[in-house]
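Shown below is the structure under consideration.
For clarity, chains are labelled A, B and C in written order, and residue numbers in each chain start from 1.
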Amino acid sequence: MKTQPTSLRVRLPAFLFVTEVTFVALYAAFVTYDEHTDARFQTNQTNPMQNAVYKDYPFFADIQVMIFLGFGCLLAFFRLYGFGGMVFNFLTATFAIQWAILVQGYFQFNHDGKIHLGVINLINAEFACAVVLISFGAVLGKTSPLQLLIMALLEVPVFAVTEWVVLKYLKINDAGGSILIHLFACYFGLGVTFVLYRPRLNEGHAKENTSYQSDILSVMGTLFLWVFWPSFNSALTLKGDDQHRAILHTFIGLSASTLTAFALSAMLNKNGKLTMADVQNVTLAGGVTVGASVDMMISPAAAYVLGMMGGTACMLGYKYLSPFLAQRFRIQDQCGIHNLHGLTGLISCTAGICAILMADEEVYGPSLYEIFTHRAPVEGDPKLHELQMLIPDLQPGLGRTAREQALFQVAAVFSTIGLSALGGVLTGFALRLPYFASPCDDCCFDDEPFFEVPPDYDSPLKLSDTVAIEDSAA
Amino acid sequence: MKTQPTSLRVRLPAFLFVTEVTFVALYAAFVTYDEHTDARFQTNQTNPMQNAVYKDYPFFADIQVMIFLGFGCLLAFFRLYGFGGMVFNFLTATFAIQWAILVQGYFQFNHDGKIHLGVINLINAEFACAVVLISFGAVLGKTSPLQLLIMALLEVPVFAVTEWVVLKYLKINDAGGSILIHLFACYFGLGVTFVLYRPRLNEGHAKENTSYQSDILSVMGTLFLWVFWPSFNSALTLKGDDQHRAILHTFIGLSASTLTAFALSAMLNKNGKLTMADVQNVTLAGGVTVGASVDMMISPAAAYVLGMMGGTACMLGYKYLSPFLAQRFRIQDQCGIHNLHGLTGLISCTAGICAILMADEEVYGPSLYEIFTHRAPVEGDPKLHELQMLIPDLQPGLGRTAREQALFQVAAVFSTIGLSALGGVLTGFALRLPYFASPCDDCCFDDEPFFEVPPDYDSPLKLSDTVAIEDSAA
Amino acid sequence: MKTQPTSLRVRLPAFLFVTEVTFVALYAAFVTYDEHTDARFQTNQTNPMQNAVYKDYPFFADIQVMIFLGFGCLLAFFRLYGFGGMVFNFLTATFAIQWAILVQGYFQFNHDGKIHLGVINLINAEFACAVVLISFGAVLGKTSPLQLLIMALLEVPVFAVTEWVVLKYLKINDAGGSILIHLFACYFGLGVTFVLYRPRLNEGHAKENTSYQSDILSVMGTLFLWVFWPSFNSALTLKGDDQHRAILHTFIGLSASTLTAFALSAMLNKNGKLTMADVQNVTLAGGVTVGASVDMMISPAAAYVLGMMGGTACMLGYKYLSPFLAQRFRIQDQCGIHNLHGLTGLISCTAGICAILMADEEVYGPSLYEIFTHRAPVEGDPKLHELQMLIPDLQPGLGRTAREQALFQVAAVFSTIGLSALGGVLTGFALRLPYFASPCDDCCFDDEPFFEVPPDYDSPLKLSDTVAIEDSAA
């Protein structure tokens, strides 16, 4: 028997070993410890409990659970693609994080020609990884592991460049990553799936469905994401009240979108029943919609409204927009990332801009200039001196007005969407190279081409066949 | 085909949207930030790392896992009601927390006509939510989601009033919530199920059983609860050694009840085999029995004995008391909450009273008056001044003796049981209103009336039919 | 019908109640609170937030998840032994921790004839528990719960003595427990399984396989271990930069071994497909290989290389060494612990020794003598005085050179392997006593002898029979 077209025997090891050797070489040449991990930096005035690890690690641990267990279980919802959803997520995430450490290190943590490493880099890299995993959702079940790795290989640098441009030149506020993470990931993923369009899948696919167990597993993934999302949205905010608000708003937003999801799921179903796909996805919309303004003084009620809006937009997207995009625009968005990350991301950005326009010293006190660092007065401005009497650590800013800051946010939204969609389309063309072992249409949503599967893996299917046969015989 | 009697198409969205709009209005009118979430309260003397979020959030995150994943998986033990157990838990918990934030806020966190919000409110609300979820256990599989929401709507205020009365007027010690959470939840749930009595279910129900996968999922829920229970019992204790002891005692108590559960499960089974329901429930009894005295100096050995007593009482309750209550007292307690929360709660309260009676300065030192705040001398007592030399922050108390404090604990137990049982019975009558879509007897323990289920959801059942047919044919 | 040979009805309760009563007696006689849990030790100068619980509890909680959910799910990979894997893990772990608290307390936390208890003891006891659970992996599916408890009963003291000897007399560095945990557990387990050799199982066993669901569950276990392994490896390091490095190295090592595992899994499979057993086990190898040097200044690149080496050794061990050991040396290593803990442990020790030999003040600064405490100058040495000017808290050491320290590490490796293998063999003989209800060869890898199982527990098997029958009929 000759080699299967999807055999990974040569291609996957070749790719992985080359990247591993490259990574080791780059680590050896360019990566070193940062001041919180290097033993030499500890002096007799260093209090070990002041080490940054105690601020960062709890959030990192929560995000780890989201990335590996949350996404892993959530993506395992196909009946015959449970291994694929969970295991390719594991592989892709591990690869993306390592790669992001290097690429983000080059752009953001580069001093004296060295990348300085601590747990904070891992958090940043897991954010980049989340971007890749969201995009993965658009092509779930239709790609080989090699294609996913290539996607990660290309997406991480495009993301890192976008992030660097937006943060360094446009200097925006985006604590929960609504612009940089959700919008970027969404439009990149849509770009990829647009190029990988498979016309035959629009007519439905025999394996494109769930089983009782896979639906339950996927809800567990949702719950892991739901439970730890406050950590995700607050991991990179300022410490103190900012982080506290971010946690509170995320929780409120998620709660509101969850109730909305249940209400709309029953309302839009012709039998008045709940649909598991809605429970798995729409409940999470509030975590995205509060993102861009998550650390601001938007008030708990506004967080609640954002959650409701997110749930509604996401639900309507699943019901009406996704089929339309698939039929008319060749965008087969497998997990509906456009609903959960795109529409909600746009709502979030709009809300963030409103929150920025309304932010003033009356509501925030002098800490306004800590949250909106670029609105702090420029060096030399007497107002800066005055503020520094109140907040000694305040850094000079750019003296932006609220309106200026809002315009930069708008610019960031458009440039992020543009760069990500372009990057996604180009990546899609790269993934079409035959070497990357794309599964045939019939092999989609199926573990069998890529895994040694136990004999019972498709038993529910066979079972219903069996029952059907007997029914017809009776 | 006309609308199913269980259709949620109109009723669920109507209820949820009305409550959501009400919640938003109440949030907008009455909810604001507390001093740890409000940016204006940050001055140049505020150290961000002193923010309360760093004390509270780790415990909150652990409790989140317990509520959504722990209860969610544990309640998914029925073969055909996995969606229901896990998803109705998600819906009910989300609703109960939001509602509890408002109701508890009104009673406990109300200053200047505003509810002041921080993560500490979320912890309190999740405790109220745990109460609802425990009560849910009594009626699992026999209620529509709408009935569960109505139950939460009514139970939360009754709980909040009881909590407020007991804490404000009786002023008791109950760190692990044995009185307020476990006893309240148990007798409320029993009240509800007493009114919702279904005579036909006493003869057994074809769907009232587990599958191999649902049993494993339910054990995972138990493990989530087991692992994080120390955080639950210690979340609201005093910081420092009190919290440390609470963690230690909970762990020891759970360990002891786990070994007891295994021993009795094998001993009381006629084949000498282990029963999964015992592993899922009885192992947790120790977490309840140590509750009322969890932060006191009871000694590790006493925590161990409490765990053993809890496991024994809970196991015997499942074996002998539950069938008796169902047959004679019309109390169909689906998950046996009377065993896991009622009997153990009573043991816990008794132990707490003993610990209070034995508490003296010899064992506790001056911090006796910090743990038992109401035993601190009254304002003006020279003894108070003396103690404040040792503990500068000590607040004046009520000068209660140990015996007086014990009597108040007894009063709290009886008033909690009375209020909760009464509230449960009244709630039960409300749930019988036909509008709330109660499932018919045959539809109990079944996901099909409320969910779009995949075709394989009852495959193990059909399978065994198939096999049976073939066996008889052979 | 007379009692089954595997009935636990008398034996399990008898064993558990005797041990519980003994534990209570020992707790009552010898266990008390440590200075961080005893209320009397709190004075007006004690800051509650300085309590050790806040340093230790987050790590303890993570390790709890690893022990109960991580190991529990991972060991549930057999199709018909899901209850056994998860529930016996729960029972054995709970027992081992309680027992370890007492035994380690006697050796390590014993002052004035009392064992002083805090969360730190629980962390240490969970490490001892991890040792037992790793050894359990060698005999999974072939032992009764009573045999597992006896194994824990015997293994914990042998481990505690070895730990005490190695730490107190050889004074080694082993932050991640590569020597004490992984090597000990591995060779103890191999000793046990060597004595419990079952010749018939070498020919394969009808039930020694996985199902689709059990494979997914087991991957979830892997992910829980993977995600929290940094907490495991860093829980007992020095606070500050040491703990920070331990987290970083563990993450990097795991990432590298994960990519290596995927590459080799596809490469060594004749169809070029991924094998779930590799994903479940080999991905974790890097956590072990970085262990012995995890807190040292080995550089991120070295952690990466260690992860790759670990993944490679572990994979080759599964492919070639395990079958060889089973056929030639009567070592039936069910989960391949020799690959995941033995081979990787040896690599880790070697790397640790190299790191020790290369450690100097140039790289570490004066904190060299904090990490390698035994290399600190002896009392009276003028160099000590000089160092204490830089690090006031520095304790006098033994003045060992790097080479001397390395020799002690080598001695620790050999004495650990010797003691553990000997202990394992003797334990194996004890387990062969007929009283302990060892399952017959046909009953291996099966829940039915020890659990009341639901009717569908072997449905996938029956199903495939059914399908096979129909196929042959067609």
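Please note the rule applied: a residue touches a chain if its C-beta (ideal position, glycine included) is under 8 Å from a C-beta of that chain, and two chains touch if they have at least 3 such contacts.
Per UniProt, the chains are A, B, C = Rh50-like protein.
This one's a predicted model, so the numbers in the text were calculated from it and none came from an experiment.
Peer 1: If each protein chain is taken as a node and each touching pair as an edge, is the resulting graph a line, ring, star, complete or other?
Peer 2: complete
Peer 1: Under the over-half criterion for shared residue numbers, do copies chain A and chain B use the same patch or different patches to meet?
Peer 2: different
Peer 1: Distance from the CA centroid of chain A to that of chain B, rounded to the nearest Å?
Peer 2: 33
Peer 1: Got the chain A residues that touch at least 2 other chains?
Peer 2: Expected reply: 58, 213, 463, 466.
Peer 1: Would you mind writing out the residues of chain A in touch with chain B in their complex?
Peer 2: Per the touch definition, chain A meets chain B at residues 55, 58, 62, 79, 209-213, 215-216, 219-220, 223-224, 226-228, 230-231, 238-245, 247-248, 251-252, 255-256, 258-260, 262-264, 266-267, 269, 271-276, 279, 283, 297, 299-301, 304-305, 308, 363-365, 367-368, 371, 389-392, 460-461, 463-464, 466-467, 470.
Peer 1: For chain A, which residues count as touching chain C in their complex?
Peer 2: Touch residues, chain A against chain C: 3-4, 6-10, 12-13, 16-17, 19-20, 23-24, 27-28, 31-33, 36-44, 46-49, 51-53, 57-58, 61, 64-65, 68-69, 72-73, 76, 82-83, 86-87, 90-91, 94-95, 97-98, 117-119, 122, 145, 213, 217, 449-457, 459, 462-463, 466, 469.
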